[in-house]
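Two complexes are shown next, each including chain A; its partner changes from chain B in the first to chain C in the second.
For the complex of A and B:
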């Protein structure tokens, strides 16, 4: 009897943690930083932070899909820098609107290439994207000769810095639209079910007639798309596309957000809402530490610790729910 | 075809070295001089030494992405400890600290069940951050001249780093191919469950592997620091990719269970030859990164083709 009770409490705890754990952490972070630093709690700072969160949040959508299919992409930081310098350098010739479109197309293509390497050439995703991390970054350096490309196009800059009704940063709207579309794709379309099937059991998925390779290529291409969008927001925020500084440690922040958000590294199980809240947590944590003038080296240590902590925490959740061993 | 593939697996890297050698000999009149060749081999020891450790990690079915950060950590500790406690003790303590990082990696991977890639990637960030914190983000010069003997000295006309590599090579070769522990590492890499069921202490084997990887990275850190004579918290950026490239080029299978220590030596020398060739043409550092990335993908491409062929041969019933 006691054992039953224990089991039920365990499951309740697990379910509670699964539903409310992250938002709770987020609220605590906001309260703590607001108490510690009055300039953190201003509506201006909070709103701009929500805008900055799109930098991690938008790419986290694509990464959630990729991790759900049991893959990985650590090349996105370099990809972000490469497509930003390429796209922004086209502006003088083809204008801002076409520049934005070409940036996104190029990043879709780079994601597609990653997908081809992983599926058709059967190179493990981690190694493929590790190689690509260096290839993209060195191409960005070589293309620009390590000189930043300054951006003055108004359309491009509006995507990152524009304010709706003079208050609401445009990236927030962009992020909301991306999440809405991704949610519909994952929950209300066959493609979403295929992604879940491939991640849960790719053999079973293949036997039931799903083209596993194509689904994997699709998720890498989607990740490329979202990295392209994030790259425009980020380069607009900075006012320039910098081949060396853009996207440093980006893959790390995005994977941290996705894993913290509750997407299992073992595939199949993904949560877009979790990724969104976790992206907010990662961004606000960084901004809060920055405002309190925490040494940037400590921030490096902190991100690493949060990452390991997040994965262990996820294990705990699945253990409480009785879905795995600890 | 199968025979050819087996042969390729063993000596493929030799063919690459010979081809690269012929090219370099034609391109540069300086190439075929003792000094140049010794120099290239010395540079090659960097990746090869850590390659030995990485061979063990990949053979055990794992990975270690924290080696570049460990190199930097060793460098910082050496520069701080040497003026205070003397060279031998400073080296021993720095190496022990690095081994402890490896131990932590092993504990997190085995006890917390965290994916090795995530663990070591996070550990790389943490260790790099700690190195920067300790050094306060600055370079720390080392003024004890005697210390430079390790990186730049010669013994019987051959640079010390090559001797160091030879010693570590012999130890790791015996360890992997002649001892029970080596067989256990291969067993864990080819089938972890089977290894566990047949009574192997998988946790112990894995922890030892990560300690050994950190050990090799730390030794590399000692050599580098001795050559540069500064403690550099930003030392060896991108080094992890190089080490993984060397390991895979050397014939270690990513699938685990099959390690090739000898291959790592020659792959290290091959990469060093490529760098020499690129310097000859006078290209920038970025092109070196690019070439390593491309070589890695090419090596993986060939490895993938080979595995596919062997699989289809197996299905056809040919003995592999």
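For the complex of A and C:
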């Protein structure tokens, strides 16, 4: 009887941690930094950080889908730079609105190409996207001759820097809409169920009539879409698209957010909410340490430690739920 | 079921478009009314002033010395001081600038990792009444002041040095140049080419170092040796690249005069070792110190600075004057001009 009670308590704790663990860590980070530096908790700083979190947060949606299907995409940093320089260079000819649309279409196409290589040519995602990492970056250099493209279009710049009614940074709304749409897709549509099925057991999914290749191509294309949106936000923040400096280490930031958010590298299991909170943790942690004048090398050490700590706690959740060892 | 989703999606898109349009066009009016220029708050008490410094990276001695200059100036004038390291990341640079605005600093000094990408962040700071001084590297869009080494003069000094050693305009010269987006650093090459032309030298190769590093300098020097085998003197517009080039010359067993630019510890060591012949020294400590002085003039004396470019003098370092210059650097910055042992 006692054993049953212990087991149930463990499971309740596991469920609690699964639902509220990351948000709890995020709240603790906010409280600690707010106590340490009053400037941290100002509405300006908090909103500004939420806006910046969209840079990682938006692409993390697509990466969550890709990792859920047991794949990876490490080409997204180069893809971000390539689509930003291409799209922004079109602005003088086609204007900002069409420039934005063409950027997103190109990034969807690049994601689609990645998906085709992985599924139809059966090249492992790691190898395909590693190759594309070099190709995309080189194409960005070749296209621009390594000269940044300066952006002065008001529409484009508004996407990264605009404030709704002078208060709320536009990237926050954009990120919220992206997460809302992705949540509906994943939890309330057949496609979402197919993605989960392919990630859990692709063989069983194929036997039950799901076109596994098409689902994988779709998730790579979706990742391309979200990288396209993030590239517009980022280049608007910077006021320029730089083929060499944009998107450096971006893939690792996004993958970190997704894994930290609780998406299993083994596929099937993923959490969009977790990816969002993890993107916020990474952004607020960097900002808080910067405001506290923490040496930049120690910042990297602290970020690494927090990530290992959070992932360990994620393992604790599975242990408490009786789904693994700790 | 499908129709329900379509309805939700349609309503979401319409709402988003309405919000976006209202906000976008509302903002247009507001900005038009604001017009150009900026309102700066002036101070009578130095203790009320906080200077925020957004630094490219603490990885290189150049920036360490620049930071020392900013910090010393803040201490001398009685200002509070906040430094944030961009970690060589353009996105973090913009984020840091906004964080400094959020902290309501009185003035900002920045050495931007991507000068082309700092425009919107500077605009935001200035819209909040915070003057911005760029300490070296460059800028995009208006700032209050940009302190930048007199790069054109530095290039001319390098050409004059090579002329003094080679003394024969019939001999060939070459340049290891930098990437086109480094607008201000490109002036080093322009100064060199103009002086070489004036001295009637032929510059047989002007090659861009595609990979800005010692390895990049080594590769570029090999390309120069292939293009102009009888080259007598070369000028590399950056320090580490010049050292890499000097090593390529040594490996090729050639006798070619080499001049670098920056005054990095690797260059001082290479001059001491007899590999590099000279370099053009920038004064990062002075650039940092003077940046804060300019902010003091704006914030306390009410002096008007709008998009002012302040040239900073450069010096030629040769084996003859190297020890004296190294001693001066050590005295000012506490950093040795040579690499740490």
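Criterion: the second predicted complex is superposed on the first by the 298 of 326 C-alpha atoms of A that agree within 3 Å, B and C clash if a C-alpha of one lies under 4 Å from a C-alpha of the other, contacts with A are read in each partner's own complex, and residues count from 1 in each chain.
Note that in this section a residue touches a chain if its C-beta (ideal position, glycine included) is under 8 Å from a C-beta of that chain, and two chains touch if they have at least 3 such contacts.
What you see is a predicted model, and the numbers here were worked out from it, not measured in a lab.
In the superposed model, A:124 lies in contact with chain B only, and not with chain C.
Once chain A of one complex is fitted onto chain A of the other, the partner contacts of A:265 are limited to chain B, with no touch recorded for chain C. After overlaying the two complexes on the shared chain, residue contacts for A:248 are found with chain C alone; chain B is out of touch.
In the superposition on chain A, contact of A:307 is made with chain B only, not with chain C. Shared-chain residue A:135: touches chain B; no touch with chain C.
Using the contact criterion defined above for the overlaid structures, shared-chain residue A:71 touches neither chain B nor chain C, since it reaches no partner. Contact with chain C, but none with chain B, is seen for A:161 once the two complexes are overlaid on the shared chain.
Of the two partner chains placed by superposition, A:103 touches none, neither chain B nor chain C.
Overlaid on A, the two complexes show chain B and chain C touching the same residues of chain A, namely 146, 249, 295, 299. Residue ranges on chain A touching chain C, taken from their complex, read 39, 42, 44-45, 48-49, 52, 55, 145-148, 150, 154-155, 157-158, 160-166, 170, 173, 177, 180-181, 184, 188-189, 234, 236-240, 242, 245-246, 248-249, 283, 286-287, 290-291, 293, 295-296, 299.
Against chain B, the residues of chain A that register as touching in their complex are 72, 74, 117, 121-124, 126-128, 130-135, 137-139, 141-142, 146, 249, 252, 255, 259, 265, 295, 297-301, 303-305, 307-308, 311-312, 315, 325-326. Touching chain A in their complex are the following residues of chain B: 63, 108, 112-115, 117-119, 121-126, 128-130, 132-133, 137, 238, 241, 244, 248, 254, 284, 286-287, 289-290, 292-294, 296-297, 300-301, 304, 307-308. Residues 5, 8-9, 12, 16, 19-20, 22-24, 26-28, 30, 57-58, 82-85, 87, 89-92, 94-96, 98-99, 101-104, 113-114, 116-121, 124, 140-141, 179-181, 210 of chain C are the ones that touch chain A when the two sit in their complex.
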